[in-house]
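Written below as structure tokens is the structure these notes are about.
A, B, C and D label the chains in the order they appear, each numbered from 1.
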Amino acid sequence: MTPAALELDRITKRFGPLVANDAVSLSLAQGEVLALLGENGAGKTTLMNILFGHYRADEGEVRVMGRPLPPGQPRAAIAAGVGMVHQHFTLAGNLTVLDNVLIGSEPLLRLRSRRAEARTRLLDLAARFGLPVDPDARVADLSVGERQRVEILKALYRDARILILDEPTAVLARPEAERLFGTLRGMTGQGLSIVFISHKLHEVMAASDRVAVLRAGRLVAERRTTDTTPAELAELMVGRRVARPRRAARAPGPPVLTADRVTVVEKGETRLDAISFEVREGEILGIVGVSGNGQATLGRLLSGLARPSTGALALGGRDMARLSPRALVREGVGRIPEDRHAEGAIGELAVWENAILERARDPAFARAGLVRRAAARAFAADLIARFDIRGAGPDTRTRLLSGGNMQKLILGRTLAMNPRFVLANQPTRGLDEGAIAAVHARLLEARERGAAILLISEELEEALGLADRLQAIVKGRLSDPIPAEEADTRRLGLLMAGVWEVPHAA
Amino acid sequence: MSDALDLLWTASLWAAVLRIATPLIFGTLGALLCERAGVLNLGIEGIMTMGAMVGWLTVHLGGDLWTGLLAAALAGAALGLLHAALTVPLGLSQHVSGLGITLFGSALAYYLYRLLVEVGDLPPTIEPFQAIRVPVLSDLPFLGPVLFSQAAPTYLALLCAGVLAFVLARTPLGLALRMTGENPHAVEAQGLNPVRLRVGAVVAGSALMGLGGAFLTTAAFNSFFPTMVQGRGWICIALVVFASWRPGRALLGALLFALFDAWQLRLQQAVPGVPYQLFLMAPYLLSILALVLVARRARVPEALMVPYRRGER
Amino acid sequence: QGTPPLRVAAVHASPVENAWNSRVHLAFQQAAERGLIAYEFSEGVAATDYPRAMREYAESGARLVWGESFAVENEAREVAADYPDTAFLMGSSGGPSGDNFGVFGTRNHEAAFLAGMLAGAMSQSGRFGSVGGYPIPEVNLLINAFRFGVQETRPDATFSNIFIGAWFDPAKAKEAAIAQIDGGADILFGERIGTADGAAERGAKAIGSLIDYTPRYPGTVFANALWNYGPTIEAIVADVQAGNPTGRDYTEYSFMRHGGSELVFVPEEVPPEAVAAMQAREAEIRSGAFEVPIDADEPA
Amino acid sequence: MRLERRTHVPLAAAALAPLAAVGLALLLAAGLIAAAGVSPLAAYAELLRGALGSRLALTETLARATPLILTGLAAAVAFRARVWNIGAEGQFYGGALLTAWAGHALLAGGPPVLGVPALLLLGMAAGALLLLGPVALRLSLGVDEVVTTLLLNFAVLLFVGLMIEGPLRDPLAFGWPQSVPVASDLRLPDLVPRSRLHVGLLVALAAAALVWAVNARTVWGAETRAAGLNPRAAAFAGVSLPRTLLGVAALSGGLAGLGGATEVLGVTGSVTTNLSPGFGTAGIVVAMLAGLHPAGVVASAVFLATVFVGADAMSRATEVPSFIADVIMSASLLAMVVALLLVTHRVAR
């Protein structure tokens, strides 16, 4: 028998009192695809960071092709054929694709970079694995999907035999994700072994050979993919049965928010092109699409950070186009931003400070320009209790919250004010099943209460599960709405590809 | 006023521009190298002072001029190592460390100078670098005096600009340094050590700053005086931004600043009666103006001033 | 022999390399060597620290505190008033105050004037330059005296002046000198060190101020308007020892007739007729028949 | 090797670390002092005496700390919002100049109860304006304020020279360029009679208390912190970046200007171009040493003033070149930042 491509032997890693990995042993056969599952904070990234040499394990050993890997040295891991695509991309936005791929691949003291050769080789690899890129593009100008390709190419360029992908699809839309897995499949055909981390069970089911489940740092189960079901995996992960809540039928009320032929031009580019939609009371309107088609601008528009160049935007019949974020919040608009770290919360601030950030000047939390700290703390404590925000008190630094709990905090502060309109932009990105279920439940509650909700999602499952009606966004334009009952993944996939004038797949 | 403009066409002016620019070129390249790797080095003023003192002292004590420059570079590198040690592995505030190094470097330089050198009526002198006279070329009209009659360190400065531009743009090391200033995590993920790269860049950059200081005492003048660096280091910090962190433009910026300076010295004669402060102010105000004009195109290294701590979130 | 040396403490605002301070520093050191005084000093004292330094010396028992109160006149006078038993001698542009606050001015302008006379006779171009630090009275009156001297022998002279805005930037002073030479000047009055370097590089001539620069720049500096601080020191030490009030103006000890200033020049480099005329003037100055005008306005 | 944040800070370490830092700096300087042929022990006895050993020493130390507190606060306020104000020196001079002018020409003869506060406010206004420009340039055009404020220091100082040699020159002064004097009844009274310690110290302490209150208690203070820590998230939450940052600029520049105003009103009575021995730059050091906390600013300003005044006196009392004062101060500073880091972090494998 050939040695396993990769063996993790009783890896233990502690951060202070926290045991992030507890004697985890795993192996990966050559050409195998292993999915690593677990709740947020289960220790998946930590384990992979140890494997790649970012961290040093407190105990245990990593072996690649039977040879022990010196700990704490990414260079050694790379030399042994390990490549890693990080959860948070490690790219330099100001540099070109070629620069990002080339770094570290040549002897540092070589007198001149062999850029021409490198470019040829990169284009070769790109063609061979179906990962097209422009070597001279600045990374900051690339879409998320393209950046991911660059990350994978970086690993392949270094001759990776074992590829680790930490939540590679967290930021990809379904078709992109499917293409990625197609590519990965092709790679295993060429002898690569792959470990990927995902919270999306359908992906795990579709793409992996085997599944390993981490819970609170421990390896709790290993299954052949063919021998398990999504439901079992969800239960293994969380330790209890979880299911996403279902949308109950509800008759919508009058329109709350309407956009009529709104165009947004930013930096000379038309980001939104005469889009029209309306969101009604007690209704969720889903906007689906591949990332980079104008979702971000739509999010900014409805958050008060972008202005329409032409067209009308009305909230409860009144013009809302010129309202500032604060004014919107006062008018009962709740906003859940796309990126919780970049926009949703400020990591260095306490939970209570983030809880009132949007409403800092609201009389409930401020008097005569002074912060009403007691009131704010009480509010935060209330959110923590009501929205089941774990591992935090009002004075905890927000940075210390896990992604799911941070999202619950944002959701909580948004929904606590009983908004009449809610913008939910990728509300479950990167969250585990349990957290997703909780977020969905909250959104549906708000809908039940009569809030009008605009859901922007790249997650078809989510959009189909939550939305009453759906529109696709493609190149800044919106398709006509279709009722959820008439939608399925295939139809949505076509819509997202820009094929709008198809007859109903009845 | 046409007098004022006529001055711009004199070889005298342009020759002065290169001389005045030389310490600025060294300093700016040094600061640029540090910043490209992500470290702001406000220690420059003290490092240049130390370089000026050590360079001069080495020659005074019997070393030759090039040994003096080497010693100045080493002194700069030593202070750079201190700055790097504080700001890179320890991740301390680059502002505090830098300003602390400026204080420390200057004070130590003055102190050591007092201990080691007997000052009589006038501070002792050394035989400084002389302008090089290239047979035919130095006699060319205009170009001769401007380009072919400078002291050797001026050519070294120009060479450094070219080398640094080349290294940054064309070599694997340059790429690694730039990447370290953009995203040190990306560097680490590719198996390189961003801490070492940053330390190396700061040490090398500080060595260049030391050379800039030494130019003042071994070429522009032949004695050392306390406070003689006169804020040139701060100008270099400004020039780096003006140059959008590019060596080519740093060279240009230093020359431009020197042009303002050389020009105002001549304007003070050509246009008497205007308060001299207005002339002295011109280089600073014009630099701000120039900055406003280039600001939109400037691209700050993303990880500049962001400490890199391994395995921290 | 009988009297113990007088304890003198000097507070130099600049490092003692500054030409002006160095003259004082040197004179004190020489007085100390002769056993007249015991000398201690602080240098590079910032304006805000200056009064404290004066107080510390006064409290530590110095009999004479020397300094330069230019930028801290009011405060320096307050300090002196608080220590009536200590004598204070301050370089100042103002007058004395009280019994113990004496002042002195820098008056090597007579020598600068005489140097100007020589320069006027020597220049080919008729254009004269000067390099100064800042336009303060002590600097202005020197440059102006130089110009008056030039005009004696060269009525059609034209002048230029550059202030470099620093006391210590010899590289810049040198550039300022070069700029003026390239602009047509062939003799420069160097208030700042660095001027003669520029002249030397361009083959022009320069005049030194305060210090004898000729040994350092042979062939370039042909004359120096020297300032000798010894006479001033002797005068005040005598007053202190004798118990006389020291709140008076010691400026006169900087004048030529007291040996406080003199012109030294290189005879071989100067036309003999010019020397004769200059020496005639010098005699008049020493005798009091001629007074070199004191003009402290900023030279154009 | 890496640094880990301590979960709890041992009290002993927190107390001992600063002492250890100063000890280290003194050890280094001891070598230099010995090289000058002076006994370090005797020298350090003089240092202590010079900084704290007499009425003169104490009042001088506090007087020197006064402007440092204000420029330190200026830096702390700005840096907290990530406004890199390196121009406190220029703002200090701006405040000083306007105060001197107004105290001579505008408000002289009026009632001091109104005049003095008005002068302090004018000083603040001048400092504020000098920082508002660079911050406005950053907001509108993206011009880096490190550089503009840095360059403005030089320009402002030259401008001060221009004014005090020209229109604002005191015709009655002794010839050295010096601004017109502030009317004597508008000067800040002494806090301790026959010393240079003036009421400006109370102004500085009040400013520190106020900055603390603003930072910790007001909505605006919270918003500036948010804007500094994460401008995108702050903007999303509705914090207006222009408004907060311009406010920060006004406050920061104002505090530096106030430093200049109090120095003029309390100490010198007029402006010269050597009014400040780098108070602005030292303020940055003070602020960072204090971890940007207003109370810390007061402590670190007093600390730096103590070290400096003591070392300065020591150099006079012994025959050590006076540059030793700056050597000791800067070495203490560098050692201190390391010590403070080791209080909050520990070195892990």
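In the analysis below, a contact is a pair of C-beta atoms (placed from the backbone, for glycine too) under 8 Å apart; a residue touches a chain by one contact, two chains touch by 3 or more.
Remember, it's a predicted structure, so these values are computed and weren't measured experimentally.
Participant: Which chains are in contact with both chain A and chain B?
Facilitator: Chains touching both chain A and chain B: D.
Participant: State the pair of chains with the top count of C-beta pairs in contact.
Facilitator: Highest contact count belongs to chains B-D.
Participant: Look at all chain centres (mean of CA atoms) and spot the one farthest from the centre of chain B.
Facilitator: A
Participant: Give, as an integer number of Å, the spacing between the C-alpha centres of chain C and chain A.
Facilitator: 76
Participant: Please tell me the distance, in whole Å, between the geometric centres of chain A and chain D computed from their C-alpha atoms.
Facilitator: Their C-alpha centroids are separated by 46 Å.
Participant: If you average the CA atoms of chain C and of chain D, how far apart do the two points sit, in angstrom?
Facilitator: The computed centroid separation for chain C versus chain D comes out at 36 Å.
Participant: Using CA atom averages as chain centres, what separation in Å is found between chain B and chain D?
Facilitator: Going by mean C-alpha positions, chain B sits 28 Å from chain D.
Participant: Considering chain B alone, which of its residues make contact with at least two other chains?
Facilitator: Residues 110, 226, 277, 280, 310-311 of chain B touch two or more partner chains.
Participant: Give the residues of chain D touching no fewer than two other chains, as numbers and ranges.
Facilitator: Correct list: 158, 161, 165, 321, 323.
Participant: What is the shape of the graph in which nodes denote protein chains and edges denote touching chain pairs (line, ring, star, complete, other)?
Facilitator: Here the contact pattern is something else, fitting no line, ring, star or complete shape.
Participant: Going by the touch rule stated at the top, which chains touch which?
Facilitator: Per the contact definition above, the touching pairs are A-B, A-D, B-C, B-D, C-D.
Participant: Which residues of chain A touch chain B in the complex?
Facilitator: 49, 52, 54-55, 73-79, 84, 86, 90-95, 99-100, 102-113, 154, 158, 399
Participant: Using the touch definition from the top, list the residues of chain C that touch chain D in their complex.
Facilitator: Residues 9, 13, 40, 42-49, 51-53, 55-57, 59-60, 69-75, 82, 92-94, 134-137, 165, 296, 298 of chain C touch chain D in their complex.
Participant: Which of the residues in chain B come into contact with chain C in the complex?
Facilitator: 10, 12-13, 16, 19-20, 23, 110, 119-123, 125, 131, 216, 220-223, 225-228, 230, 261-262, 265-266, 268-270, 272-273, 276-277, 280
Participant: Going by the contact rule at the top, pick out the chain D residues touching chain C in the complex.
Facilitator: Residues 50, 54, 56, 60, 64, 158, 161, 165, 173-178, 181, 194, 196, 263, 267-270, 272, 274-277, 309, 312-313, 315-317, 319, 321-323 of chain D touch chain C in their complex.
Participant: Which residues of chain A touch chain D in the complex?
Facilitator: Chain A residues touching chain D: 16-17, 56, 303-305, 324-326, 328-329, 335, 337, 342-349, 353, 357-358, 360-361, 366, 369-371, 373.
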